[in-house]
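These notes open a run of structures that come right after.
Shared chain: chain A. Partners: chain B in the first complex, chain C in the second.
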Partner chain A sequence: MSYSKYFFIAKIEILSAFAYYINILSSSVFITFLLFIFYNLWKAVYLASAVTSISGFTLVGLLWYLTLSESIWNSGSGRTAVIKISDDVKSGNIAYYLNKPYNFVVYHFSSTTGTAIIRSVITFAFAGTLIYFLVGPLKITLFEIPFVLLSVLLAIILAISMNFLIGVTAFWIEDISAFRWIQDKLIFVLGGMLIPLSFFPLFLQKIALVLPFSYVAYAPAYMFVNFSVSFFVETVLIQILWITLFVAGASLLYNLGAKRVSINGG
Partner chain B sequence: MAKNETIIRVENLRKVFATKQKKSGLSGSMHSLLKPKTIDSVAVDNISFEVNRGEILGFLGPNGAGKSTTIKMLVGILFPTSGQADVLGYTPWKQRQKLAMKIGSVFGQKPQLWYHLPPIDTFNLMSKIYEMDEKEYKKRLNYLVDRFEIDYLNTPVRRLSLGQRMRAEVVASLLHKPEIIFLDEPTIGLDIIAKQKIRDLILELNKKENVTVFLTSHDMDDVEKLCNRIIVINHGKMVFNNTLSKLKSTYVTSKNVEVKFEKSPKKFTFSGARVLKRSSYDMTIHLDQKKRDIKDLVDYLTSNFEVLDINIADPTVEEIIAKIYKK
Partner chain C sequence: MGVKGFIEFIVAYMKVNIQAAMEYRSSFIIRAVGMFLNDAVWIIFWAIIFLKFQSINGWSFNEILLLFSFITTGFGFATFFFGNWQKIADVIINGKLDYYLTLPKPILAHLLVSRSEISGLGDFAFGVILALFVLPHTLYAVGLYILLTIMSMIILVSVGVAIGSLTFFIGGTGDLQDTIINSVIAISTYPFSIFEGYLRIILLTAVPIGFLTGIPVEILQSFNPTLIFYMVIATIAAVIAAITIFKIGLRRYESGNLINVQV
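Entry: the complex of A and B
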């Protein structure tokens, strides 16, 4: 079976996502506003403590760190898709996605990844422009950009896998919103969305680095600001490992679950 | 192509859903959390039938009879509890993707067109999903677009009327030249002209390409106009499997006679007949043919009243089916 179809599924989802451009734009504007607040907050912190660098982060570095991590977050990472999946699992509508010759798991990933990338790029364009005018450019070489982008892409896929795994548990668990809530907050704190993990006490940093959440936001954003090849290799390998685990788990649950799909209505 | 080639074979197909039960109130919730109680409901109960290539089969039954559940098992999106099915040589729920290449399906209540995009985008995607050759796809698309009068290829689906949308839905499911097409309520919510259009096209494709049609519908007109054979199921059990005319000859033991009078009729008495509806110049009479002949009634009417028009109709298939259910 040919795999090019999945590329076209991603493409049509992207086209369709543009119909919701107000939604994408308004969330991007919101993130940009958030970063404006962060800028004022952190500027005050750096001024008050009279330092140029906190745990290896300059003010410029920190703000670019936050810009990238927020942009990854705002990709949506399949969050809405997961609410839909769990609803569809509960109502039995999930069956309707299966009347075509494609693998549902791959279908899900191709349909959500495309849109997530677009959302991320748009958010970064908005927020990045503001940060550029506020603090100036980040020192980064052209050579580093493709590596960072790869890690960002893996971060988005990792977030989607995590969400997908939560979504398919709906075959057994009636309401998955609690899981989603907990996961959101874990990414927020232990994933380094709010502040970089480097600001945490050492023991907490260690815990966070063992968990998958930091590879959704912290790792690629840190790499963006403090690039090193060794950190890149380590991050990407761990990202791939987590993605493999989550996708395998989700596929397994999905295949088990599909056998017990019950459908409402005759 | 072999005549009477069986392409769908179903044997003792059965599907049982376990439905969670919960007592009311908080204690009920706690109880069902600790000791979940489920009740088995049988949606499809040991049905067996066959379908030949080129047939248009009507699959009828009231809501919740198990129609959709059966279709979903036949297209492989639902696993049965027990029983066998063979569709085009595949076991649907085991070889879903392979089977999906050769069948099409339209679920009237579940659109497959991308809502915010024009139909052409969905069509192009379908050609990729079904791995069609580019040239062949263009040819097929042109043909279907012409026949189905899709002159709104570039209008976002959300702006289309229901009839336009449904025609595009059917085109989307026919692009890859399926051998069987499953239509679940394809005319639901459409007006008479839009319905008629869809029916004509289904008939045309059936004649031209010998595509087998598996149709469920609430609309008895659909069934009368399209189907060679009818299967009726009720409570998951098959209660009838034969031609439409057989259905009528077995169950039609009465006629409805609509009469228009020039002058308002005075007294109408005719044994074996019952007035269903009357206004000053119109009357609908129900005649039990086991008791009296239709000719006698017509004679009686024309000799006793000034009749303008008489229309003799069979009861609708709906009424007939209601009769089967009552049995």
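Entry: the complex of A and C
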């Protein structure tokens, strides 16, 4: 099977995302704005606590942590594609995918990953600029950057895999929006997107670390602020494991769902 | 149209919205319960913060619960009964305003009530249940809470109308409207006390976000009559500003070439 068509699909989706650049810019501005709120919130907390470090995070470290975790989330992680799968199942448009000469699972990843990475980079550029001016730079060595980037890439792919799994449940449950809201919020809290897991009570930290959500936000963002090779190796291995499980689950469900699809009308 | 006729018209639409929601029971349950759980996760987030820190600039967990009660009740009610409050840009861009212009009903009110989002009921139920837990069980506190929730909801809808109506002047795709409305809601879910200085003044005047949750929470804590007076003034000002911006903008409306069918 030739994979060149999937690169072509990725290229078209990226060009399409740039055509609607206002959408990417406005969501990046929103995340930057959220970080401004976080700056006000955590500045008040650190001032009131009269300490320079809370659970191993300085104010500077915490804000850069949040900048990266928010940028990963704002990649979109195939959320639009999920809504599209659900809409296509409901409208019957899914029929157009079923007879195309491509693997739908690979198609899904090629059409979402490129755009997600670009959205993430643009968000980080916007939000990072604000945080740089508010609290200054984060101390990070050039050696660490490629490792963090690899984990961020895997985090984005993991989030896309999770969303894909939710998307294919549309074959059975037509309205999947509630699943998406709850998954988003689980990433916000148990995934450590809004607050590092280190701030949690110990029992909740243990639960959160077992779940996949923390490998979307917490692990790469923590690595960005407190890098260690052992944490990197552990994180990447777990990220790959979860991606494999979600992709396998989603592929299985898709194949089962596609067999039972019945199209109404034309 | 007289005041009586106007109220009857709005109530009739509200009834239809409830009947329509009940028609698709499984979707109704999934969306309403889903939104309820979605809101509950925010409370877990704040519980984690307040387990670690006793207060944030004078706000405790109790104030946060009250804050979420105000925003979810108001947002839920507005989203269910005045579902177009955050969709005005889309209506303008897609030329859907034509439908409302041709009917002998108040345009803005008709536009607002003619869309309903079921998930709003989940938000509303969440806010009411939260209020049962945190409100003092006195008639005065409950009465004040209901009054403040209504005013907060009116301000929210007015802000949505004003922001959406900017599309009449600057065009665009609606992304700007969504970004500003999301930002307004985001600010209103954080303790108002973290915003200080000029920022606080802006949030109480130019963009009256402080009146969505911050001031109502302070009123219920202090029962300060001056703050209640400011809240009433802010509500009236927000409504006048929203209607004025919408009306001025409407004069610039040029419709479009899309054919829409209202069902």
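What we mean here is this: the second predicted complex is superposed on the first by the 262 of 266 C-alpha atoms of A that agree within 3 Å, B and C clash if a C-alpha of one lies under 4 Å from a C-alpha of the other, contacts with A are read in each partner's own complex, and residues count from 1 in each chain.
Rule of thumb we're sticking to: a contact is a pair of C-beta atoms (placed from the backbone, for glycine too) under 8 Å apart; a residue touches a chain by one contact, two chains touch by 3 or more.
Note that this is a predicted model, so its numbers are computed, not measured.
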item	value
Which of chain B and chain C A:22 touches, first, second, both or neither	second
Touching partner for A:241 - first (chain B), second (chain C), both, neither	neither
First, second, both or neither for A:177, with chain B first and chain C second	second
Which of chain B and chain C A:186 touches, first, second, both or neither	second
Which superposed partner A:259 touches (first chain B, second chain C, both, neither)	first
Touched partner set for A:101, first chain B, second chain C, both or neither	first
Partner chain in contact with A:125 - chain B first, chain C second, else both or neither	neither
Which superposed partner A:201 touches (first chain B, second chain C, both, neither)	second
Between chain B and chain C, more extensive residue contact with chain A	C
Contact residues of chain A, present in both the chain B and the chain C interface	20
Residues of chain C touching chain A in the complex	26-27, 30-31, 33-35, 37-38, 41-42, 44-45, 48-49, 51-53, 55-57, 119, 172-173, 175-176, 178-179, 182-183, 186-187, 190-191, 193-196, 199
Of chain A, residues touching chain C in the complex	20, 22-23, 26-27, 29-30, 33-34, 37, 40-41, 43-45, 48-49, 54-55, 173-175, 177-179, 181-182, 184-186, 188-189, 194-195, 199-201, 204
Complex contacts: residues of chain B adjacent to chain A	17-19, 43, 61, 63-69, 72, 75-79, 96-98, 100-101, 105, 107, 110, 112, 114-117, 121-122, 124-125, 128-131, 156
Chain A - residues contacting chain B, complex	1-2, 4-5, 8-9, 12, 15-16, 19-20, 93, 95-96, 98-103, 258-263, 265-266
